[in-house]
Structures are given as structure tokens and as C-alpha cells.
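Both complexes below contain chain A, partnered by chain B and then by chain C.
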Partner chain A sequence: MTQRTGPTPPPEEVKSCCAAAYSSDAATAILGGHYHPGGTALTRRLADRLALRAGERVLDVAAGPGTTAFLLADEYGASVDGVDLGAATVAKARASAEATGTCDSVRFHLGDAERLPFDDAGFDVLVCECAFCTFPDKATAAREFARVPRPGGRVGITDITLQPERLDGRLRGLTGWIACLADARPVDDYRELLADAGLHARVVERHDGALATMIDQIEARLRAFRIAHVDVGTALELTALARDAVARGDAGYVLLTADKPAP
Partner chain B sequence: MNLDSSLLEILACPQCKSPLRADERTEELICTREPCGLAYPVRDDIPVLLVDEARRPGETRHAESAGESPTAER
Partner chain C sequence: MDREEVFWEYTKSICPVCKVVVDAQVNIRSVDGRGKVYLRKRCRRHGEFEALVYGDARAYLDSARFNKPGTIPLAFQTEVAEGCPSDCGLCPEHKQHACLGIIEVNTACNLDCPICFADSGHQDDGYAITLEQCERMLDTYVAVESEPEVVMFSGGEPTIHRNILDFVDAARARPIRSVVLNTNGIRLAADRGFARALADRDVTVYLQFDGFDERTHRQIRGADLRERKRQALDACAEAGLTVMLAAAIERGLNDHEVGEIIRFGIGHPAVRGAVLQPVTHAGRHVEFDPLRRLTNSDVIELVADQLPDWFRASDFFPVPCCFPTCRSVTYVITDGEDVVPIPRLIDLDDYLDYVTNRVVPDPEIRGALEKLWSASAFPGTPATDAQLERAACGIDAPQVVRDLAEGAFMIVVQDFQDPYTLNVKQLMKCCVEEITPDGRLIPFCAYNSVGYREQVRQQMSGVPVADVVPNATPLRPLLRDSPYGSRISADAEDSEAPGNGGGDGRRRIAPDATNVGRRVR
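== the complex of A and B ==
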């Protein structure tokens, strides 16, 4: 496992900060409703790579406002449970399900990825978009990812990749809204974490362009709007650093699927 | 407490992964396994399935200790 260097905020702080940040109005304004690189197009690609079928039970970990969960239910006919650490986020996602009359196919719960509040082997598929990198105890989270799918089930992750030792110190602090970057890892680390938990990697696709595009969009929004509680100068400095990191290949985005072996 | 009955079929105690039961009186979901027995509050119909916010068996509920019951008001 790669050793991180330099000061980083306490892990629990990063996780709860991320959950809180994602539910904030500032995050909504900056991200424009797209909470992960690649947007819904990459979510569809993930579902296709997982060969998701109608009627399958899906757990969406760190479901946020439910974008992924609603898409998988609506377009793939899946029965989706979403779990998120933010109470306000869960309430908002539930309200969306009620407003759209989709409560039967999409449900949202308050819980922690490292201690999932679900029975063993209760799902066909587990997905987690742009959140695994924020979990302080990734090995424990990976074991939970291996526990809740049935034997023969699948796990699909899209996430930020990073060569942590090359990361600029300014990207690490909690002052940047890109706190999620602080504990992102290289692709091989993610694969190793899943393998150690007993999951066999099947698909590994790089989608670094999706991250570059998202950084461009964020920067455009930062320049166009004055957003409450955001120091635009600092934020622009951070987006520039992030863009450099992507260009150098030190930061990127990956789509990864893995299988839970059947007995 | 407004909970879908099918919810309890998929949920489990985040600490020990045992089944949960609903306690209508205390508005909690309670782990059915001894000695775990953690009780998870249900706030705005959302079960708070976080170990850090759970009540241990025998511990007073936060609401009671905060003085919600009439006898606590003086």
C-alpha cells in the first residue's frame, strides 16, 4: 500500500466533511448537479459493464441525492437501495423518490460504508460512484463490499485515482472542496483492496478525460458565478493544480468491476 | 414511527449484522442479538443506522435525559 506523505486531515473528518459538503448548496452550485466525473453516461457504462438486468437488487453505496440509483431503477429496471452518511442527503433523496412515485423501486437509508446496515448476500450488485476514495478505512469498506453481494454477485466502482506522493500539498487540506482527492489512490491499490477482500477484478477502464472535463466545468462555474462560502481565488488555484495533475497522469478516473466468486 | 415492514427484512445491525426489530414505544430499531442489543433511533422516519449514534442496552435515551418526560420538568 502506498504511504501518504505530508499533512492530511483526520480520516473521519474527511468522510463526514465530504458527506456534508455534498449536501451543501455550494457543492450543488459548483458541481451543477453532477456529483461525479463522467456523469450519467459513465453510470450507464458501469451498468452495462456489470451486465445489470431488470429485477436485480442493487445497493448503491454513498448514493448522494440518488442520481445513480434513480437511473439504474428507471433505465435498467433494477430494485435499488441507496445508503449515504448524510442525513440531509438521505432525506432529500427520499423526497425525490416520493415526488417521482418511485418509492417501490428506489429506497434510501442512512448508514456508513464501513459498517453497512444490511444482511449478508442480500444484493446481486453493489455500486459505488466517486466515494470509495473518501472512505478512511478502505480495507474495511472493501470487506463490506464483498459481504453484501450474493456469491456470484458483482461490484462496480467508478472513482478518482491518484499518485498520492505526487499530490500538491495544497490539494490535501480540508480547505479545498476537493477534500475527496486527499485519500484517493492509484488504480492498483483499489484493485488490491478489492482482491484482499475476496473480489476478483474483471473490468478496469481508465476514464481520465471525464475528470479533466469535470474540472473544466467546475472552473467555468467558479468564474461565472459568485458562490456563497466559497473563496473563488483559492478554488481556482486548486482546480488549476488538479488539472495539472490529470495532465501529468498523476490524477485520473477509473471504472472498475469485480466479481464475488460463487461457491 | 412510519416504517415499511419489508425494510426490516433487508436491514441489519451495522455493528454485528444481526436482524433488527422495531420498537414502536421508543421509536428505535433494536438489534436482536445478545449481547449487542444496540438501539438505533428513527428520526423523521429515517433509521439512523450509525453505531456512533446508537444507544447501548441499559443506557437512557437522549430524549429522556434531555427532559422530554413530564417528570423531568421542574
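== the complex of A and C ==
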């Protein structure tokens, strides 16, 4: 397995800072409603690849403001639990559920992907979009992903892929981490992490264009802020580096599903 | 053997010579390695006609997803009798209400442009509406729309009508949101008081503006108007008027200038947008090849080619309220140096409801940015002011939205249909209507192509007006000059059709020659 190179921030700091950053209004402003490449279109594709059916119980790990949870409940008739480490994010998601009267089908919980606050085998499906790459202890998170679905359940992940040794040093700091890049791995690493936890890969699809589009969108939003005289610091240089990495094929986006073996 | 084209759909159009309604087909052919969209039709008397309608087949097919449901107007003015496009309008079959109502106040003009779909000029046998007629037309519009979005005064040259300010006042006295004046700018350049009078009435100016080369001016306008345009724009800036640049683009004449027109507009304090219109081959125009005419996708590609640092073709998207192949648009936010197209900021599909045919970019930009930057990220949840007010990381969302919306710039690409390209599918969902003195609302492209413009002029002036025929290369042998510089059929049977000049001046519009309702014998 590829090892991360260079200095890394301490895990707890990464996790809490990441959660806080994503719950800030600045993140909302820059990322809009979609916190992952591919937007709702890729979420639907993931649900379709998982053959999600009405009435199934879904856990959305790192659910953010709940866009995916609401979509799966609304369009697929799933019963969804979302878990996120950001208290403000969870509060916001709960408020949306209340405002839209969807509390019956969608619930939000505060919790850590590496210690999911749920019993074993309570879900049919687990999804995690563009967040696995940010978890410092991926092996533990993968074991949690294997623990909470029922035997015969399915796991679906979309995430950044990266050749870490080719990552520009400037993308490796905390900002890069939060932007999902710094601890992303090659596709094979993700497969192996899941396999080691007992989950067998079924579908692996590349969606690198979705990442390029999202970087474009973030860059456009930063330029919009700059036009409105908001100081965006070095963020535009980071987006340029990220775009180069995608163009070179060093960074990309993958959709991956895996099965938990039936007994 | 395989056919060289893919048959896409069947529709109706008109014969560009005698204007009878004929069956038509839309086909996709590969030309120079690219799929292009053509409309083909046949008249029993005048043979076959074909025109390019979209230069990029993929974009044409993609645009279908932008076709949103229309809204029913409060009233219809005509009945369904002959079928589209002979029943305008609006007849109960029409699929959309009017986003924009046009009132042509006169046929006279202080120019005689070689390119003018209105066939206007220094003519004394046309007509001018009275204040009373204008008020009736406005009342018709209000009755149909309740609170109309936009009324546009046009002509002819509306600024030479002595009642033009009275007309604006009459519009302002009614619940109409925006008033637009379409002008060549000659009066604005000479009469500072006029710019102020328009500013006092909060009028948006659509300024005819086709480019910067002397040749462009001479060939499209018949005169070098560069200095006048500059003076007109200065007057508008000084008076605080909002201006949209309206450019008629003809292949080989000024298609190299679209980028400069946009760059100039973005840099000019009075200008908030540019409307790029491939020359409509209705009325008066220079000779053209219908198979090589400019279409929306061609103009969009010209913009992307000429301003590669700012635009790519994907920054433009079809306007969903009319038929999506009629009009494409983009909005940008800019500080004069950097230019960011809004479609790059957002997932367009989430925001289409905000896009209608507006006059200035503000409402859309505000709507889209507020939705994007409202604290709630769940679509459909109304963001409260408190949420909006909460500022984090030094970002004051409402202020940012205000600043950005203020500097927003709109680019519209609009290919009006002509007697060659007319497709009733587009017409039936048209949202740009001519308001006629006799109280009809006629889709603009039907007005220009099908014979309504000639009908109304004849009715209003009492002078017979023959149906205008496009000055297309393949039709030239069939044509002769009209008194106004346009071309008409050389065959008296077409140009003096039954009803011409007779009776109440109303005549039969576009009689049916399709095979609908006929049985095989």
C-alpha cells in the first residue's frame, strides 16, 4: 500500500478543523449545496449502482448539510440516517429536515466515521461521498463501514483519487487536507482498505471530469469573491495546482461500490 | 446506400416566396466533420428550400432539456381556425405567455439601413400610431398579462415620433415593470435633454450597435455612425441610463467584431449587456446563402474564439421560457478586468427558474447568487434574512450579492426566425410578442415572416404592401425590388395576393398547403 509522504497535521486537529471548516458559511459560499464532485447527478448514479430500493435503511457518513440524505429519501424512498462530525452542520441539516417536514424519513446525528454511533448490522446500505479521503485513520473507518451494514448489505463511496507522491507540497497542508486532496489515495488503496475490512468491490468507475468541473466551479466562486473585494488569500493558487494535478492524471474521482458478504 | 443525413423531426413552415403553410422536416447532416441542423420544405409552386438552423447539432439536441412548461396568458385574442401560424394571435393553442411585448410606434426612420427587418426608412406612405392607439395597445397587454414584465418601444425609429415620451409615460402609468426603447441613437447623440427625459422615466435603452469598423457601419447602416454612437453612449452614461448594445451580426460583415462589442460593453459605464442577433433575413437585408447563415451556436462559438480568456461555448445556455433553440444567454460578474460567467459558479439546472427574458441582468443574478449563497444548502428551503445576515470569515453574503449583481453583465444570443428558417414548433412557444394596433399579440417571428407585418402596415396606412421575400441567393431569379428596398416576388400572383389592398385591409395570412386533412385518392 502507498504510504503518505511528508509531514501531516495531527489526526484530531484534522478531523475537528475539517468539520468546522465545512460547517462555516464560507464553505457554503464556495461549495454551494454540493460538497462533492459530480453533484446530485453523481449521487443518483451511486444510488442506481447500489440498486437502492424504496424502504431500505441508508446511513450517509459525513452527510454535510443533508443534500444527499434528502435526495435518497425523496427520490428513492429510502429511510436515511446522516452522521457528521460538525455540530453546526448537523444542526443545519436537522433544521432543514424540520423545515421540510421530512423528520420521519431523514435523521441526523453527531458522530465520527471512525466510531460510528450505531449498532452492528442495522443498515442495508452505507454511502460516503468525498469524505473517506479526509479520514486520518482509514483502516478503522473502513472497519466501521463493514460493521454497520447487515450481511448482504452494500457500501458505496465516491472519492478523490491521488498519486500522493506526486502531490505538490503546497497542497499538503491543512487547507489541502480539508479540500480532500492531501490524504486521498490511489483507487487500489481504497479497494484494499475495504477488502481488508471484509468488503468486496463490485463497481469501480472513474469520474475525473466531475473533479475538474468542481475545481472550475470553486475557482469561479473565488474569482467572484475577489471581484466583490473579498480577500481570498492564496486559495486561487491552490485551485490552479489542483487543476494541474487533474489534468496530468495525478488526481481524479472514483465511484466505488462494495458488498458485505451474506452469511 | 445510407442517407447522408439523420431525419430528426417533422414540422410545419411556410414557403418563403408565396407564404403558404407547408410541411417541413428537420435533418442533421455532417458538414466539415460537424453535425449541423437544417430545415427543409417544399412548396407545390416554388419548389424546395433549405436553410441552416443550428450550427451545432449536439447543442441543438441538448437544448431540449431546457424546455420548461409555459404559462397560460389571461386571455387570447384570436380563435383557432386555420392552425399555426395563420391564427396569430395569441390563439388558444399558443404555449407561452408574453415575457416581452413590442409596440412599433412608426414605420418612418431617420436612417435607411441596408439591413432592417422592419423595412423602415425615409418613407411617407407608412404609418405612426396615435397616443390613443398606444394606450389601447398597452391596455391589451395589461389585460393579458396583468403585470407585464417588459414593454419595448420600437419602430421604425421610435425617437422621431413626436409622442414618444407620452408613450413612455402611458406605459409607466400602468403596472408594467420595465420600459425599453429600441433606438439607433441619433437623437440621443444630438439631444442631451432627451437622454435626461428617458432617465427620469427609468427607461432602458437598447442601442443599435454593430461594431467598430467603418465598413461595418457603411454596409449595415449605410453611413459611418461611429461618432454618433459614441456621443449617444456618453449621453446615456451622463444621464445615468442603462444601455444594452443590440448588434445585428452578418456573416462576412461584422462577425469578427462580436468579441470587441462585448469587451467594449463590459468596459463602458452605461452598458449592462449585449444582445447579439444574427441578421434576420426578413424585411430588408443584403444577399445571403441560407445554407451558410449564422445561427446561435455559431455566434456563441465566435464569442468563445474571440474572447478565449473570458468565455467558452459552454458558458451559454438556452433560455427556458421560450423554445430553447430561440435564444441563449449568459450572465457574467465582472469588475472590468476579470470576467466570471455565472454558469461556472452554479449548477445551472437548480437555477433555471430564475431565468426568463428580462431586460437587464439584475434579478437573475440576485436570484441565483442569493440562492447559492443563502445559508441553507437544501434546495427548496427558504433562507431567512437572519441566515443571510450571518457573516462568517469576513464574507457578508448580502453585500457580496449586491455588489456582484450591480456589476453583472448579460449577453444574449438571439436568432430570430425568418421565412426560410421558420419552424412552428418554436413559434408556438414564442414569448416575444408584437402588440398590434387592432389588439392582437403576434409572436415576433410570425410577425416578421408569415405576412402579419405587411398586413398591419397595409391596414394602418391604406397603401398596399406586398409580402416580403428573403434576399437569398437561390431565390434571386424570382424576385424584384419593393418600394422600400426589400425584395418581393416578381410573380404578380404572389405579390398581389387576394385581399391585398382590398376591403378592410385584412387579408388571408398563410393559407394551408400541408397535407393535413387531405385524403389519398
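As a convention for this text, the second predicted complex is superposed on the first by the 251 of 263 C-alpha atoms of A that agree within 3 Å, B and C clash if a C-alpha of one lies under 4 Å from a C-alpha of the other, contacts with A are read in each partner's own complex, and residues count from 1 in each chain.
FYI, contacts are C-beta pairs under 8 Å (C-beta built on N, C-alpha and C of every residue); 3 or more make two chains touch, one makes a residue touch a chain.
Since the structure is predicted, the reported quantities are computational estimates derived from the model, not experimental observations.
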Applying the document's definition of touching, compare chain B and chain C: which contacts more of chain A? C
Examine A:Pro136 and indicate which partner it touches, taking first as chain B and second as chain C; both and neither are also allowed. neither
Which partner chains sit in contact with A:Pro186 here, chain B, chain C, both or neither? Use first/second/both/neither. neither
Give one of first, second, both or neither to describe whether A:Phe118 is in contact with chain B, with chain C, with both, or with none. first
Name the contact category of A:Gly39: first (chain B only), second (chain C only), both, or neither. second
Identify the partner contact of A:Arg94: answer first if only chain B is touched, second if only chain C is, both if each is, neither if none is. first
Note: in the complex, chain A contacts chain B through residues 81, 85, 87, 90-91, 94, 107, 109-112, 115-120, 122, 147
Flag every residue of chain C that touches chain A in the complex, lowest number first. 333-335, 338, 340-341, 344-347, 350, 372-373, 375-381, 390-395, 397, 399-400, 403-404, 407
Chain B residues touching chain A in their complex are 4, 7, 10-15, 17, 19, 43-44, 46-51
Touching residues (chain side chain A, partner chain C) in the complex: 24-26, 28-29, 32-34, 39-40, 64-67, 70, 92-93, 95-96, 99-100, 216-217, 220-221, 223-231
